[in-house]
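Naming follows writing order (A, B, C and D), and every chain is counted from residue 1.
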Amino acid sequence: MSLLLIALLAVPALTAAVLWALPAGTGDRVAAIVGSVVSGGVLVGSAVLWWDLVRPHCPCTYRLESFLGPPPRTLPGKIYAYAETDISWIPELDVRFHLGIDTISMPLIALTALLVFLCCLYSLRITPRAGRTRSLIALLLIIETGVIGTFSALDLVLFFLFFEVVLIPMWLVIDIWGDEHDRAGRRRAATTFVLMTVLGSAVMLLGFLLVHRQAGTFDLEVLGENPVAGGHGIALVAAVLIAVGLAVKMPLWPLHIWLPDAHAKAPTVGSVLLAGVLLKLGSYGMIRILLPVLPDATATIAPYLAGFSTVAIIAGSLACLAQTDVKRLIAYSSVGHMGFIGLGIATMSPEGLAGALYANIAHGIITGLLFFLAGGIKDRHDTSDLRTIGRALYARLPRLSGLLTFACLASLGLPGLAGFWGEMLILLGAYHPGDSLPRTTFLVLMVIAGLGAVLTAAYFLRLIRQLCQGDPADNPATAFAVDVSRIELITWAPLIVLTVLLGLWPFTLLDYWTFS
Amino acid sequence: MPLIIPLLLAVALFCIGVYGVLARRNAITMLMSFELMLNAVNLNLIAFDAWHVDGLATGQTLAVFVITIAAAEIGLGLAIVLLLFRGHGHVDADAARDLLEQERGAEQ
Amino acid sequence: MTITWTDWQATAVPLLLALGAVAVLLIDGFWRTGTKQLKHTVITLITGGVILFGLVFVMSQRDAFKPAFCRTAVEGPAECSLVLEPLTIGLWAVLLIGGLGVVGLSAYRLLSADIPVGEYHFLLLSALVGATVLAGARDLATVVIALEVVSLPSFAMVALRRDRRGSEAALKAFLVSVLSTAVMLFGISYLYGVTGSLYLQTIATRMPGIDPDLRRVAFAAGLFVIVGFGFKIAAVPFHGWLPDTYSGAPVEVTAFLAVVSKSAGVAGLLVLVTFGVAPSGSDLRIVVAILAAVTMTVGNLAALRQVEAVRLLAWSSIGQVGFLLAPLAVGDAQAVVAYLAAYVVVTLGAFGAVAVVQRHRPGGLFLSDYRGMVRSEPGLGVALVFFLMVLAGLPPGLAGLFTKFAAFQAVIDAHYGWLALVMALNVMIGLAVYLRWVAELFRLPADDPFSVNIESPAVGVISLCAGAAVVLSILPGTLFALAG
Amino acid sequence: MIATAWRVVGVGFSLLVILAAGLLYGVDPQQTAFGGSFVGNDVFITYDLRTDDLTVLLLAVVGVVSACVQLYSIGYLNERVASYTALVTLFTLSMVTVVVSDSLFLLLIGWELMGACSYLLIGHYWERRDARSGAMKAFLMTRLGDVGFLFGIFVLGLGYDTFKISELGDSPISPGALTTGTLLILVGVIGKSAQVPLQTWLPDAMPGPSPVSALIHAATMVAAGVFLIARLYDVFLAAETTLTVLAVVACVTMLFAAFCAMAAVEVKRVLAWSTVSQLAIMFAGLSLGTDDGRHAALFHLLTHAAFKGLLFLCAGVLLHQVGSAAFVVLRRYTRRGALRKRMPVTFVTMTIGLAALAGVPGFAGFFSKDSVVEAAWHHARDGSTVGWIVLVSVCLTAALTAFYCVRLWLWVFFRTPALAGALGAFEDDDPMADLEEPDSSKLHEGSWLMLAPLIVLALGAVGLGYADGLHLNWAIALATTVLAVFGALPAYSLWRRGADPRPVVLEREFGVDPAYQRVLVVPVEWLARLTVGGDRDVIGAYVRATGRAGVLASAGFRKLQTGNVQTYLTAAVVGVVALAILAGVIGS
């Protein structure tokens, strides 16, 4: 099935090329349709791939056993590749074109495919004011290629490569289709985003090269078999470099500074992909590379990683409490949530890792939904500033604001919705972290993170209170033609359904991630 | 004659040449300073050649080449200076400043 | 007495080029009848043919080892002045490709009218002769002479238009270069004095053995030699002449300077550093590393705010040289050649695009003149974006990415951590530089979009470069296979 | 259309719950598990259900009250019905989940869903500021408790190496872990049941619709804390410290709340505070650590659900018909006895409810409270300090309860003999005190949809006292009755004199809320502003500074580019020297 995986990578990119080949004037609508069809195909393909992956025959799943009893354990983050493609690409540099998936990366790939598909679907009717939908769709597809590639790369250089593929398209998306009222602002946001990320990935590359110097290979499978030992010296340096590089992407406090602007200025689809998918590259990299390749060194830096993550949780939540812009607020909430994920990874415990992975998915879905909703509100009011929008949205847009409330509740980790399991497992992981880690530190961090969860609730309720509730009398209701249009409903429905499903039935996913 | 004397002389020549290149504005003078420097080199080469006597007189050979090079350089240099004079009406090296970038649309 | 022997195949390419040069000169001189176009075309064809033949020959000689002008040394292996070996092959290939590209860029109706065709091509070929010899040279005398043979024609080319700007540009380049030659020769004289030989390998073998008092002298001498090349490749702080000369010379000549003469300089430095003057572990390599760090930083930073296309390319080429010096400092010839190859190809393309715009747009010097080209001139715009991305080393410009990657790897493997960090920083700055241009290209044109029908030769050259860059991006292995 | 559908669903679901309770009655305890997956080596997350008599009891309570409330709401509410009914139904569902779940995680899900529903329902009238703030406050305070609850689950679950409630306590556990875990669970309980120090949200939750108050904030959700401790009773029994803490909390809370109720001037607020103190009485019963203590607590839970639900519904009728439940407004109608005459059913049922609350002999509250007292007495007799504390404070609370019940009853329904100051007593906190007489002719009884539930619950408030056989300890019964009378008399005499002295400290409810405001909310807002400022002016400043530095450097290099070739030459020569020195330094 490795052909299928390669197709998942190639098809979007080729489609993008084809779209650009289309004449400029025509084909905006066509482009949207083509994009939707293709990304839909990719979604189906990833679904097939997933099904094939978890089929009993495959050695990297334990679905059957999990009904019989405790499934076998796997090392956290270590790849048990399926649908492999392994071609020597640049022998001089010891770079291989090595792709493959396992149960860690598959859900993320599916998530990517889903979100891109929804974005294209959304663009069928609702497009940024700048027009040029053709290019927008093409860029979205290229981003899809890059992200799926990152999630399926089994070679450090390849990982780095796909990691970089995403940058320029996203920069263009923000720079061209961003907030049409604030030209300089969106330009600055885009540039800050791309430059910080590039610096981060360059630093990460240094780490990879150090790993190569120590281990003599870039191949994740080989490195998983015999990781770089030693918690100090070169290994430590490499771990720090890689962690910093990924932390920029993730982003962890205090490297998060590019995020609020980028999310706030980006067009709706851009924010959705940024928050839903791109941030996951960082956390995925940490799980996929740091833990299995540099276990000892990671153990050395884990407490600091956890500390910064906790700071991120608190700082993000506090920052949200003082925001006056919907999109900025949601962006900062991502900082907090990614902080939770970072904490989960830093615990190096099975619970924490499973939680982090689960939170990855959940955050992708919920925040995607949130940004869709925020985009809807912004399109209707032509601003995302709370004070300008006014209050009492319940009166003006009952359905939309109802959905917003739902999404907020989901995002603040209400049990029964997707957000809960991730955070719960992460806190559980922090309650008894990996053996080599200082337990007391993590207990303190757990408590602080718990308070952070309360703060999260606080700012989301504040948002609901300031935006949805309020006396219609003193904000005269502007009449809106549609509350929630059909396309919006179609686009958002899958996310809503998934939020509920993942909240009520976590077991299917959790069974994939049985670490020891 | 100890080796050191010609070497010191060469260094002195070279330094004078460098001074001339940096201090004098007239292009022709600068070319002459270059000549001084190259001759310092020649002096060195000859001296060293005399110092360790190897089979084929490498130093002297190179010295001959250097002289040739100097000739060629001066030839071209004079041509360029001529061109400069035709264009600018003077041969002051530091007065030729047409090629500064224009300040236009610095921020678009 | 000593007998010297020669494998003439090693000298075939330079000889061929020299013959071509003479032929061109003669044709130019004795051509009376016939239209200007015909003459120009013929000359172009001859020049191109000669270079192409040389290229084919070089490619046919892959992984051969053919020394020339050798004599049995007193101790150790034979001492040779010119050696044809994989490294030489790679460098020659790069140089010849560059030359070919420049010839293509200066085809009929591309070369600005007030440049005499014959001289131009003659000078071009003779400079190529020097460049090829320089890449193969293995003794200091040959190096010096070859270097001069590269430099002097290029100054002449700069001044070839015989106007104010040209003369000034030539003067600046000339003065700086002459000073550099003098300094280098001074250094060489001391090297000779210390080691008693001009053969690189002999120097390399004797260098460790010299008595400690002379060690500092030897060090200073090596430093002078390297500095001489520093002028040539415009490493900071020896770069002052470059932006002015680039903006003063005709675009084709600028392309020549940026591609051929710069590659020649790098080739010479590479030969010097790897073969004799700075054997691994010597402090001189630290000097080169420092040069690299300073050069890339200053170059990129200065490019950050440029508003003229050519000047931006000039400064960014300084930054690129910094990146070239990094693997050079650790003596990784393979990485250097690969980087050089990628750089040559895309720089040719970029200059081609710039030439087109400057030719068709009155006073089209500024980045703002490129606004919206992706929409109005899709082919050219996309190609330019691709070239810039290769220069920045980001996808889709995989050729640039992997050559930078190789540079990083070389530096890291040689334990130059600090240099690697500086390079990482510069990747960011460089990206910032090129993004400003890319942004202009992608913006919607405010007024009069740039749209013309481009001359077919230009289209040919640019699309060739683009095609080559694409191929190199898909199969970066070929880049690294160049130098064996 | 949708609204009707939801109404049908809601009522149907409540009836279903009642049916389930009926079917399960007397059936042997059963457990079923579904789902489930291992996370790590020692965490097995699964959904388990269980049924036993505790389940049945709670199911019955939930079913009946929610059925009543659903019916009542049909008459009570006529805007945003769909969302309202849906949420009430969802709430019932989650309460049922809590009751039947045997897995701590499933229980947590139901537990917090209840909180969410309560938040949304309190905010039902989101136009009103007090509703908005009340809702937010309620959610945040309970959430704060729930974090503790979650940590408690971690400690206990990992301590006992299982997250099945029915298996907790089987395996050995370190005493430290046990105490910590139970205490953390207790935090969650305190938050949910509005005990000190997290009590302030319940009175502020009153702006919600009265049926909601009846269902969530009186009968079921707030009682979930009691249920939870009863469910985990074996674990708590093992943890002495926790029980003592619980006892102290309970006693403080019951008195505190009772005092606050004595000074409240709005019917629903009085009832809210009384709910808090009644819950405290249940906890007191549990804190005794004896079986009959537990039994008494659950008995009180049952009766309390009936009469407090009833009272809230009555208040709802007043609110619905009169438009306000503030004493001062009601007084206007009362002064000519209008209220009593116009709404006889409400009057009668409310009287019954108040009687039950005050512990008038023969009514349900009387028996349940006595059983608590009796349990406390037994425990105290065995020489337990906790027992004594509980005994004393429950008795005191009985007196105070009688006081505020009588006060409420008299002031709302009866004209004062001393007409002077009859109104004045409440004027000071009344915006429109000098309004002319309202036209009480429009005033009339609520619809039968609303009255039927009243009657049902009233029957409960009377009859449930005899639910588990009639066993009466005459001495204690006498004592409590006397105490009740002692509490009632001052209220009566004050009312006769038309005076209602309200000590400031009581009116301010001991100033807890402002204190929280000052200690928690203000600093957090301050910190928030600090963080944003930090991001903008510290971290962001670094980024901006980097950019600016780049620009400046670039400009500087352009300045160096003088165009004068000799500058370049000089720079070069200087560079050579500098390089030599630098490399020399590095080399040596």
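Things worth noting here:
Just so it is clear, a contact is a pair of C-beta atoms (placed from the backbone, for glycine too) under 8 Å apart; a residue touches a chain by one contact, two chains touch by 3 or more.
Computed from a prediction, not measured in an experiment: that's the story for all the values here.
Contact count check for B-C and B-D (C-beta pairs in contact): higher for B-C. Distance between chain centres (mean CA atoms), chain B to chain C: 24 Å.
Mean C-alpha positions place chain B and chain D at a centre distance of 93 Å.
Centroid to centroid, with C-alpha atoms defining each point, chain C and chain D lie 78 Å apart. Chain A and chain D have Cα centroids separated by 37 Å. Taken residue by residue, chain A touches two or more other chains at no position, since every residue touches fewer. Counting partner chains per residue, chain B has residues 21, 93, 96-101 touching two or more of them.
Among the residues of chain C, those touching two or more other chains are numbered 171-172, 175, 179, 183, 243-244, 305, 432.
Pairs of chains in mutual contact: A-C, A-D, B-C, B-D, C-D. Against chain A, in their complex, chain D makes its touches with residues 35-41, 43, 45-46, 83, 94, 105, 108-109, 111-113, 116, 119-120, 123, 126-129, 132, 135-136, 139-140, 143-144, 147, 150-151, 154-155, 158, 524-525, 527-532, 534-535, 539-540, 543.
Taken together, the chain A residues at the contact with chain D in this complex read 66, 70-71, 73, 192, 196, 254, 257-258, 260, 315, 318-323, 349-351, 354, 392, 394, 402, 405, 409, 414-416, 420, 424-425, 427-428, 431-432, 446-447, 450-451, 453-455, 457-458, 461-462, 465, 468-473, 505-507, 510-511, 513-516. Of all residues in chain D, only 558, 561-567, 569-570, 573 touch chain B in the complex they form. Residues of chain B touching chain D in their complex: 18, 21-22, 25, 93-94, 96-101. Listing the residues of chain D that touch chain C in their complex gives 550-551, 553-555, 557-558, 560-561, 563, 565, 567-569, 571-576, 578-580, 582-584, 586-587.
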